[in-house]
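Report on the structure given below.
Labels run A, B, C and D following the written order; every chain starts at residue 1.
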């Protein structure tokens, strides 16, 4: 797999509504220009419009383990699929799930054709989640999320440990790493350590110049 | 206030994606034809498209008490607003909230200009919620939701009690009633008992002929 | 009602196991010496032993809205009752509940003979909860909990507003106030403002000399 | 390890207060008479008294991933330890946890000297949880819990699959199996299939003659 740059828009102001559309288009353009593998995870209200306007895969930030029926206000997998989502983050540290919910979500996405990025806060949880067969594992130490020091700088051993443990369970699962990733060298170092990609948010969402930020991060991927 | 017919699409298959758009348009047409006050509560993925295609107010089914920032996968009030939502259901029996979360949601919606329909399972909870100042109260006894007997038939005293208790706290809060509402007479009886409208889901979502169902329910409103 | 001093042991080290028993006995002694109305809210593991060793009422810190049956690991009201609890805190800001759960808990406690202290983070929520008929309302602004400035000093208007709003709904519900309450004058000021008692935790749990602290607070009650 | 019979008292009436003490004593007596390995998981209010009255290990049914401090109403690991608990169930299907909470609980119990029984609803989840290093894994298909057909009869392949998957991750983790286990042959069949013990509840809690039930189940263990 070509390394992946995945941008989580969270509920940042820059990642909401018209702003989200604008950054999504920038990401799409940079992905084409640079010939790199990019994906974005946006708020559910924004999935439909953005997925119609960009080529790169658009993910949901969350999904609930439900089917059609009486589930007022929950995030329906089929609804994401119809809206044009390619997949979803699962168990982000800001939105965790019971382990049986994660399993149900993965079962559902396999059936209806969505990809899953199961998020883990440390290597052991990454290993445990890889047992459940998600399409990607992303490891993000919560204490570094939104911070100024990247996982690549501060905790490179988390990257290598996660990769080792996950690949031991299932070689085919790509491992993304994240938390504090902001610079080209944060990205390139992660890739050098064996990561299959990076998952990041504030590095783009809080950047004064999102295009410059995405471009810079993309260069680290090559 | 003119009586209101509010349709909750839940996550029914008929209420998802293209199907949701189709029924939203039907609802919009019937509202115009009949000259009645109608609103719909749809899944967050569907809000933006539907709100651009219909004139009737489009509500979210849920909202989280958050602001811009790091809240991966939660439903941002500002995101709903930008997507074109007029408001949101809160505390539906299928998606309940802590009481302090309900208060925060009402505060946020007041600030950014969204309407709230606070859902209660019985008259006492309706009374308690009315203290928090939502724009509407909806009472739905959970044991009758999705069932075959309507609140109007089975528990008319819940309607009158709720109205009395809520109006005692704040005369200006309209009271919607729901659960099992399927026929013209379910609606008209609720209105006769003093309700300001009805909230329903399966009566339309599970109807073989949604247009006929909405039309029939609308007649009960007059 | 004689003013009440209620001490929440939380999960402080001083409030756990043998330490909890020791402070409970001190509280009991001071209550007798001073002739004041005192109660304690302890961890569920400690209720049975402590309630056998002291005369003052022993409350649980939480309860789940369940009955006998298959509810592994939840706090059964009947279990609290049998263990000797006099009642329970409900909806503490560190352990909030859906509004319908609060209602169910109050119904259950009324049936089986336990008292409830419904906790609110502000006057409006206190008013809303008083609709549900708890035995006591306690108001504690979360931003002052465990802090150094008391509600009596920092936000006396929260005390008076809460009392006015709650008594307007039901004159018979005693109103406790808390957050940052540490000194005799914090207590006496709350009582002067019309409170029926105080709810506090760190003022005793973190005190170097718990007996001195309880004695001092008790004097404020008179 | 000698096969283990673990009885979950849940919140059954027979498993609460005086009744709980009575059945705990019966279990203790039968364990001695039969020379078998038995343990019980009781409500937190009952742990202290029961652990003082019996020799067999007394477990909690749940624990929260917290330390000393401000955690009103949550189940403190240190509190369980001081009350005499030997360990705790974690993630029972009636009380599930985020995967990172399970990890934190296991870390805490390792530090303070409590045993953990991590509960899984199927073999894959059992495998995933075994990565986190609990002291025991228990697999219980939720659809069979409290039912009339045992896992041994209805789904023996769940037993063997779980054992294979767990032992592949860590040979040293004993695997308990449960759900619908009521008879001597349910137990003996589970042991024959390789289980290290059984976890059951209603088979004892709903039995008219608890002593006879425990005796019968114990015979299956030999």
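Everything below uses one rule, namely that contacts are C-beta pairs under 8 Å (C-beta built on N, C-alpha and C of every residue); 3 or more make two chains touch, one makes a residue touch a chain.
Please read these numbers as outputs of a predicted model, since none were measured by experiment.
Asks: Let me spell it out: compute each chain's centre from its C-alpha atoms, then which one is farthest from subunit D's centre?
Replies: The chain lying farthest from subunit D is B.
Asks: Averaged over CA atoms, how far is the centre of subunit C from the centre of subunit D? Could you give it in whole Å?
Replies: Each chain's C-alpha centroid was found; their separation is 34 Å.
Asks: Calculate how many whole Å lie between the centre of subunit B and the centre of subunit D, each centre taken as the average of the chain's C-alpha atoms.
Replies: Taking the average C-alpha coordinate of subunit B and of subunit D, the gap between them is 44 Å.
Asks: So the centre of each chain is just the mean of its C-alpha atoms; given that, what is the distance between subunit B and subunit C in Å?
Replies: The answer is 37 Å.
Asks: Among the residues of subunit D, which ones contact at least 2 other chains?
Replies: Touching at least two other chains: 93.
Asks: Per the touch rule above, enumerate the chain pairs that touch, sorted by label.
Replies: Pairwise, the chains that meet the contact rule are A-B, A-D, B-C, C-D.
Asks: What residues of subunit B sit close enough to touch subunit C in their complex?
Replies: It is residues 91, 93, 96-103, 120-122, 124-125, 127-129, 131-133 of subunit B that touch subunit C.
Asks: So in the complex, which bits of subunit B are touching subunit A?
Replies: Against subunit A, the touching part of subunit B is residues 8, 10-13, 16-18, 41, 43-49, 60-62, 66-76, 78-80, 82-83, 89, 92-95, 145-146, 201-202.
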